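Two complexes come next, and they have one chain in common, subunit A, joined by subunit B in the first and subunit C in the second.
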Partner chain A sequence: MKHIKVTPQRLLLPGLVGCLLVLLATLSLYASPYTIVLITSILMYVVLTVSWVIFSGPTGYISLAPAAFFGVGIYTSAILGRTLPLLVVIAVGGFASFCLALLIGALTLRLRGIYFAIFTFGLVELIKHFLLWWEINMTGTRGRFVIVVNNTTIYHVMLGIFVALVLTAYGIRRSKFGLALQSIGENEEAAAHIGVNVTLVKVITFAISAIFTGAAGGIMATRWTYIDPYIAFNPLFSFMPVLMAIFGGMGQFYGPFLGAVIFAYLEELLITRFPYYYMLLFGIVLVVVILFLPDGLAGLIQKWRKGGQARQHANP
Partner chain B sequence: MIVTILDIVIAGLLLGGLYALIAMGLSLQYGVARVLNISHGEFIMLGALTTWSLYTVFGMNPLIAIGICGPLAFILGFIIHRLLFRRLRTLAASPAVFEGNSMLASFGLMFIIQNVALIAWGPEIRGYSYLAIPVSLGGALFGANRLITLGFAIIIGLAFYIFLARTRTGKAIRAAAQDPVTAGLMGVNINQVLALCFGLGAAMAGIAGMLISLCYPVHAVMGLEYTVIAVIVVVLGGLGSIPGSFIGGFMLGLIGSIVTAWQPGLALVAYYFIFILLLLVRPTGIMGR
Partner chain C sequence: MRILEGEGVTKYFGGLAAVSYVDFYVHQGEIVGLIGPNGAGKTTLFNLISGALVPRPGVIRFKGRKITGLKPHQICRMGVARTFQSVKVFANMPVFENVLVAALFGNSARVSSAEAAKEAAELLEFVGLSAMRATLARDLTLANQKRLEVARALATKPELLLLDELMAGLNPTEIAQAMELVTRIHGQGITIFMIEHVMRAIMNICNRIIVLHHGEKIAEGTPEEIATSRKVVEVYLGESAHARS
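Coming up: the complex of A and B.
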């Protein structure tokens, strides 16, 4: 019989997370404007990555659709930004992404493995080119201006999306629903046989994960102020979350956060001065991680901690 | 009216030849080596920019540059398969895991090659004029360079088909495509054959790049566009079927030229639409198993 004891170690993690949240929430009171902008970008990548992992992590379906959801959020913000209050616009952006994801999910989640990846990739390009053609031939415009919002507000909205996402992701991971997802990833037929409604679980999770991507797009659009289909539906927003998640490691809850924070910071450091070298590094890291670190950074940390424990047991 | 139709058909065939060549390379890489090579377009870009450099710096005839681009791309592809995909293949628990991992690794490869090219050549759009002489075909005018492109695509397609059907190595490739494990048991050096296929696919991409540089402006980020077209054609023809890719290339070329004639600017949208429709209705393609 083991009782759960309230030891300082058990309180450490929640305490740390709490402190971090308080720090982030009050950041705008004392941090420089540059820090606010930087942390907003980092949070954006964390949101994109973690919402990607909600669905693709446990099930193993490689979705390249985040750029589509992100772009939908951006366009919602551009179209409705002038007429509706900001928070409503963000919510509509999230909801529009949710609906798109429901549609895509219902249509395509029967496709397995690589087909799903190329389908979702094609979808982003389809939307982009159709929108481009529409803008040129139907509305006669190319690109739009988005209403400007100050950086602190953008930061707070992004933080709100981030907190909601973390709670959702954690909730899904710890619930029966998350278990169902895990079993789909391990063996879809077996999951169906033990009574998991495979299609429903997949479609709903896919759609929930899209809400956050869409909302993040909605708020980021107000920072960029000018958008066109090439900016909004940039396939890079599909690749980035995948790389960041793989780099961080999807086995542990904190893995994707780690990957996203490191890469977002690297991007901030390198992209303005050495854009090509940054993307080169991006590619090299992707290849190296797939080759040598299949469990990512989190896997490495986990191994290192286990190694430490084993040594402790060996020398009592 | 008839002249217009003829115009559209010939333009479609000219475009289709190029698509067929690009897609055959990818089909070889996916159908046999099981790598859905997203960096395929980057080999095309390398071929195109190398040809451009050879033409503008050394004044080399692009048609001779083929003898440099093809083998260079082959060697590069062969080495990449040896260093990267062979290891992934032995590490992967199942073929499905390998397909996913190798696709992600090829994404990484795409970023690497593209940015090395950006550092080496810069982001400018380049072009040169070679054999842009109009030739009359049934009343319609077409550039001689486009006809060369079509000719090359057909010659390479046929030569490759004969190679697959008649030679011992071709037989080994076909065996590896059907069942790599059994082929290995029958004495086929499977790693060698898979690397060979990957290299041959890269070589086709390099040659296609050279042909593209004859007709279109080239730049360091052109690759993805052609990768996407190759993926669409390969899905259209059936993943893994090389004759399917050849036919699919011409079909997509025709579709492209018909849509362009009706509503310019919608060609890419039409490609994606067909692609998505195909994946939903018949993911095995027209010649798929």
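Coming up: the complex of A and C.
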């Protein structure tokens, strides 16, 4: 039997994660309403970013489809919100996104590099305009009202999606499935020639990652109360996850989390303090990160930790 | 028994016939060499066998079963493994994990991750890379990357191994080691079909040689027959050279 030594270091990380989870779960009991709303949007960005990284991180396929899956979740909520219980609506939103991703994946994952990115970006526009045409010509409306849910419930549902996502992302990364994804990113042809069913692995992962994006859309719709195709299929929700993942760094598991949390908080800070310049400041931060931190924040931390270890070895 | 057999195998790229109506076979337990000048269609033929390309027209059979039209991963799981002319290791993954992926996915038999890890460790030992199991594949020398590709191919438990220029770019010592490795793989009962430009290697270890030129098979025979074949010498040295000799 394998004997695992229990050392303080080994317990540190799970302990910290546990404390953080307890803190987040009980937050609504003592935090201000503003904090709850703020943490909800930060969690939303974390969910978008981490689910994007599940597929695009290891494979290197840059997907600009998150806005499509997010929008599908939003519209599911708008259409079914009045007839079905909230959690069922969220689940249906996730499932609808899963199905859409399976279809897109099967059709387009033979495209590589920039072609895949452009196609997925085009897809968001296509769905948006089709929906707009449908709503105006068939339904006779432009936007829709969504049932109102209180902020604490929204927060708890988002937290639930977040926890499920973290477990899934971690599970995939540690499994043989994750190893296969990584080999596809390294060299797809070689991966296929050693027995990896590359198409299946890519399509399934793409679809799994879409579930969480769709579910997040489903719950966020209830906060916005009014939606139309332009709000639901806003391309910003495709770009943000990419930027946040790059900002955080994809080399480490915690990178995208870090990137999303800091980036989302920064957005909130800048939008409240400098409403007219916030996009400009945002852009500057991004340019600086890409120029000076190609591996993101996680890369910086790894470098710093390695440096620390090297110094320790030098002076025993 | 013919483990691999092709009938009228053809592949056009646009108007150019890269491989043109080639018939070939490999017996179980043989080491067969595939030679020919640059652009003769050797690698294309390997791509047709491994499923990266589909012959049109033409049929390829492995152990009597038609494999044309199957995907590379299906052909691999049936027992055909290959290495690549320009190495395609998983550069940013450790040496051990390169082999582990192949051990996990390369065979239709289900393997537990413990079995796969054991298998991968044994294969690294076999090709002499045990000491470098934690090194990233991109940090290996070319010779070691080629050995890693061999270990990765072997991890899929093949019955037939396609080696595409295993020795190109290696120095004489490394070539000798690679030749020794090929003989050891053959000693384990694996049939080998190899493309090679290093004549010393081809002539020494192959039972039989197939010569391609402009996509067509121009000769086939034992190393002695090939070395003395008038047609082969013409192709390699030019007609005038042969006339002068």
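Quick note on the criterion: the second predicted complex is superposed on the first by the 308 of 316 C-alpha atoms of A that agree within 3 Å, B and C clash if a C-alpha of one lies under 4 Å from a C-alpha of the other, contacts with A are read in each partner's own complex, and residues count from 1 in each chain.
In the analysis below, contacts are C-beta pairs under 8 Å (C-beta built on N, C-alpha and C of every residue); 3 or more make two chains touch, one makes a residue touch a chain.
All values derive from a computational prediction rather than experimental measurement.
With subunit A as the common reference, the superposed partners subunit B and subunit C fit together side by side.
By the touch criterion defined above, A:Leu20 lies against neither subunit B nor subunit C after alignment on the C-alpha atoms of chain A.
Contacts of A:Leu280 after superposition: subunit B is touched, whereas subunit C is not reached.
Legend: residue contacts after superposition of the two complexes on their common chain; A:Ile118 is shown touching subunit B, with no touch to subunit C. By the touch criterion defined above, A:Leu103 reaches neither subunit B nor subunit C. Of the two partner chains placed by the overlay, neither subunit B nor subunit C lies in contact with A:Leu87. After superposition on chain A, the vertex angle at the CA centre of subunit A, spanning the CA centres of subunit B and subunit C, is 80 degrees to the nearest 10.
Applying the stated contact rule after C-alpha superposition, one finds that A:Ile62 touches subunit B and leaves subunit C untouched.
Put simply, subunit B and subunit C get as close as 12 Å, counting only Cα atoms, in the superposed view. Of all residues in subunit B, those touching subunit A in their complex are 36, 84, 87-88, 91, 96, 99-101, 103-105, 107-116, 118-119, 224, 228, 231-232, 235, 265-266, 268-269, 272-273, 275-276, 279-280, 283. If you check the complex, the residues on subunit A that touch subunit B are 60, 62, 107-108, 111-115, 117-119, 121-123, 125-126, 129-130, 132-133, 136-137, 235, 239, 242-243, 246, 276-277, 279-280, 282-287, 290-291, 294. Remark: subunit C residues 50, 52, 71-73, 76-77, 81-82, 84, 88-93, 97, 100-102, 104-107, 113, 152-153, 155-156 touch subunit A in the complex. Subunit A contributes residues 176, 179-180, 182-183, 186-187, 189-199 to its touches with subunit C in the complex.
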